[in-house]
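One chain, chain A, links the two complexes that follow: it is found with chain B in the first and with chain C in the second.
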Partner chain A sequence: MNEVLSVLQDFAQQCNHNERLRKMNRDWSRLVELLATDTGVTYWLRSDQGQITAGVGEIGGVDLKILAAEDVLRDVFSGVMTPTEPYNAGDLLVKGHQDDLMRLDIITLLIWGE
Partner chain B sequence: MKRVVSVSLGTSQRDHTASIRIFGEDVHIERLGMDGDLERARRTIQDLDGKVDAIGLGGIDRYLVVNQIRYEIRDARYLVDAASQTPVVDGSGLKDTWERWVVEDQIAKGVLRPAMTVLMVSALDRFGMAETFYRYGFSVLAGDLIFGSHINYPIESLDELIELGRKLLPEMVKLPFTQLYPTGALQTAAPDDRYYEYFSNTDIIAGDFHFIRRYAPEKLDQKVIVTNTTTELDRDELRGRGVREIVTTTPVIAGRTFGTNVMEALLVAVTDILPWDEAWSEVVQKARIELAG
Partner chain C sequence: MAASTPDFKRVLPLRTAVSTSAGLASAAINFLACVEIAEYAGGNSAWLALLVAGVLILFAGANFSELNGMYPSSAAIRVWTRRGLNDTWSLVMSLVYATTVTFVIAADAFVLGHVFQAALPQIPGLIWIVVLLAIVTAINLRGIRIAGIVQDANGFFLLATLVIFSLIVLLHAHTPLLLPRLFHLGPNWFQAVAVGVFIYVGFEWVTPLAEEFEDSRMIPRGMFIALGLIAVGFGLFSLALTVVFPNAAVLKHSLVPQLVVGMRALGPLGFWWMVVVSLTTAMTTFNGGMATASRFVYALARERVLPAKVGRLNAFLVPQTALLILAAASLGLAIIVYLTGQYMFLINAGAAVESFMYAATAIVVWNLRRREPRTARPFRSWGVPAMSWLMAVIFTLLGIGSMLAPSGEHGFPGPLVFLTLLTVGAYLYVRHVVPKLRAARRPIKRVVPKL
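This part shows the complex of A and B:
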């Protein structure tokens, strides 16, 4: 299986098995598109009232768009690196609402923080 | 006369000047709002460096102190580094002591009672106050995620607050400050009714006034507010909305309460003792007695 897809699916599973994250995201329904800028492959994460799923391929009705190289996407969503690092360096671009970006940051930190 | 200037990332609409006599010295205090403009704030600090006795950093914390661990906000460090001669302080050295005392004093007076429920609109920036409420047995909800990030999740225990601080703050402090806290025009943004439920179910509303102003409902009957940076107009407005008591965490000078950064800069200016010096707690204790009198 594609490595980034596998990482995203694992990320989704960790969110779904985390009671606090489920509660935090209970009113959060969003479609996040992740475009790997070096390979051109598009991935997605969907939150349906806090239940997260992941997939690969073009998808319509996107709320938040994240653009980064495959290895950055892999490292951020597997907890190797925090989103702040590539975001501040300009290696991870985000198009969408500030609140959604902040929430994704917080989710990753609550899974892998410390 | 000593001169203290507070350079604030907040709105310039709240600019003011005042004079205060403390420890036998007259001090002129001035607030300069930068309307959220970080670069303008840095230039202003550069201009003031060496010309005033102390600079307060307003509308932004340099340090968040949670459970004795200090996290430094990157943008604040950028501002502080603009001065090489005049001390620049953010108020965190006061918050952690003074705000604990204010809560303890109000408990002793019976204004705050442990049977009351508390909504702290933000607690990670006022851990001393939050910890004091928890320690005295108050039932506390911390709204850092709700009001700071619009994640509808109240933090219900001190342990969870500490855990979230430990997990989130090391990275959050590296983000542009505008992503963490309302600055400039956002401080006067229109009221937001999304989280009224948390206000109606609480007796005490504590913490940052900008969050209270934006998110509290119109009717605040019999609530007690514990906050700091308010003007006479703010306090009149709160009373008009039914607030029973307003506890300000810094003294009222010339009709308004100054931010903790101003108070801290004031004490630095008249004593030449810095918040990280050993004698600092003695200075704060002395000021507490003088200003209470």
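This part shows the complex of A and C:
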């Protein structure tokens, strides 16, 4: 299986097994597109009623787009680095509402800590 | 990199780019900055100093537009300076730059205190400052944000008020405006231009919204239109001020010039109208400044530049500690300035920081043209590299001019001392404390996917 997809599915699983995150994301229904800028592969994360799912392939009607190289996406969603680190270096770009971006950062914070 | 696709759900229009840029630049302290400009310019030529500052700011706007197009990010200046200079200087500049938000909040609190003291003398201004800042802090702590449309509308409301009231005053002037006086340059005219930069401060704070615009060209267009509106609105207000106060020396003693212009234009209705304008302007400055700066501090904590506890969130997912630190710093500064009356310190220091930042962005644009020639640039700044260097020199000189502009009775260059200490402190912190914070980071157990 594709490594980034596997990381995203694992990330989704961790969110779904976390009581606090499930409660926090209950009213946060969003579709997030992740484009690996070096390989051109598109992934997605869907948050719906507190449940997160992940997949690969183009998808319409997204709320938030994240653009970064494959290794950055992998490291961010496996907890090796916080999203803020590549974001503040310009290695991770986003299109969408800042509140949604912050929510994603908070999710990683609650999974992997400070 | 940030290619546009038609399936993106939420996009902001050009109107929002204009109103955000104009709204963030239009702080209540701008009224007092106009007084200071008129005083330095020696009277009626204040509008010209503002116009010259505006033309220079256009070049700064072009530089911000190029950088914003390359890296449309809410981390804006942090990203650009990191790529265009280096991490250390990027952090120093980001920390110093962020303090201008505190200056502006404190300055607006000062103005608001005096406005309410003039309107309702029974209640001391200091109480208004504490109460209003506490209200905005409490609102922010609960994660409630003033609706974007209110923030949007206020920028236009303020500028429209300035244009209409100023025109009424100018059309009913007791003494005719003579052409030679409109172009008479006083002995401190350079300082008038330097402080003129302060009127536009914040126009570039629309760039952190770049991620919410589908078309990245909206930001430059919005900024340039906003700069024109600010120049017209505050240019006319400066002119009206010099008509109401023909003697520049008398002018500097007015702490509520907008109320005087309002009274002159429409009597008591104009007075109270200006009270409302001052209140809405200051409240949107408090709210926008605190929300933006607290998130910036949160991001620095997440990046291990500040202690992790600074980035702690409350039950409403608001960076509580960061917000409380900012509120306390703003309130403390506002109280000191209110009690001492040294508001010019805030204006001069703010103008200096922004001028140095505009000089730095000119260098960053030039550096990135060399370092990253292949990166897409939806907007290209003008006359790089010759204009970059010219602007870097001009804005550096204006920054020095602002720092050396006499603040207070004895002409003590407070901004020079304060900004030097702040920059040295930030540099030492970045060199000696940040590496320790980063090294102390708890190692994260990497989730290795099963392939």
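Everything that follows uses one rule, which is that the second predicted complex is superposed on the first by the 113 of 114 C-alpha atoms of A that agree within 3 Å, B and C clash if a C-alpha of one lies under 4 Å from a C-alpha of the other, contacts with A are read in each partner's own complex, and residues count from 1 in each chain.
The criterion applied here is as follows: contacts are C-beta pairs under 8 Å (C-beta built on N, C-alpha and C of every residue); 3 or more make two chains touch, one makes a residue touch a chain.
Everything quoted here is computed from the prediction, not taken from an experiment.
In the superposition on chain A, contact is made by A:Asp10 with chain C only, not with chain B.
Applying the stated contact rule after C-alpha superposition, one finds that A:Gly40 touches neither chain B nor chain C.
In the superposition on chain A, A:Leu109 makes contact with both chain B and chain C. In the overlay built on the shared chain, the residue A:Lys65 is in contact with chain C alone; chain B does not reach it. In the superposed model, A:Gln98 makes contact with both chain B and chain C. Number of chain A residues touched is higher for C, counting chain B against chain C. Of the two partner chains, chain B and chain C are each touched by A:Thr82.
In the superposition on chain A, A:Lys23 makes contact with chain B only, while chain C stays out of contact range. By the touch criterion defined above, A:Gly57 lies against neither chain B nor chain C after alignment on the C-alpha atoms of chain A. Note: residues 24, 82, 84, 87-88, 98, 102-103, 105-106, 109, 113-114 of chain A belong to the chain B contact set and to the chain C contact set alike, using the contact criterion stated above.
Chain A makes touch with chain B in their complex at residues 20, 23-24, 26-28, 82, 84, 87-88, 98-99, 102-103, 105-106, 109-110, 113-114. Contact residues of chain A toward chain C in the complex are 1, 3, 6-7, 9-11, 14, 24, 37, 60-63, 65, 67, 78-80, 82, 84-85, 87-90, 93-98, 101-103, 105-106, 109, 112-114. Looking at the complex, you find that chain B touches chain A at residues 145, 149-153, 164, 166-168, 170-172, 174-175, 179. The touching residues of chain C, counted against chain A in their complex, run 1-2, 7-10, 71-75, 78-80, 82-83, 208-209, 211-212, 214, 295, 299, 302-303, 308, 311, 313, 317, 442, 444-451.
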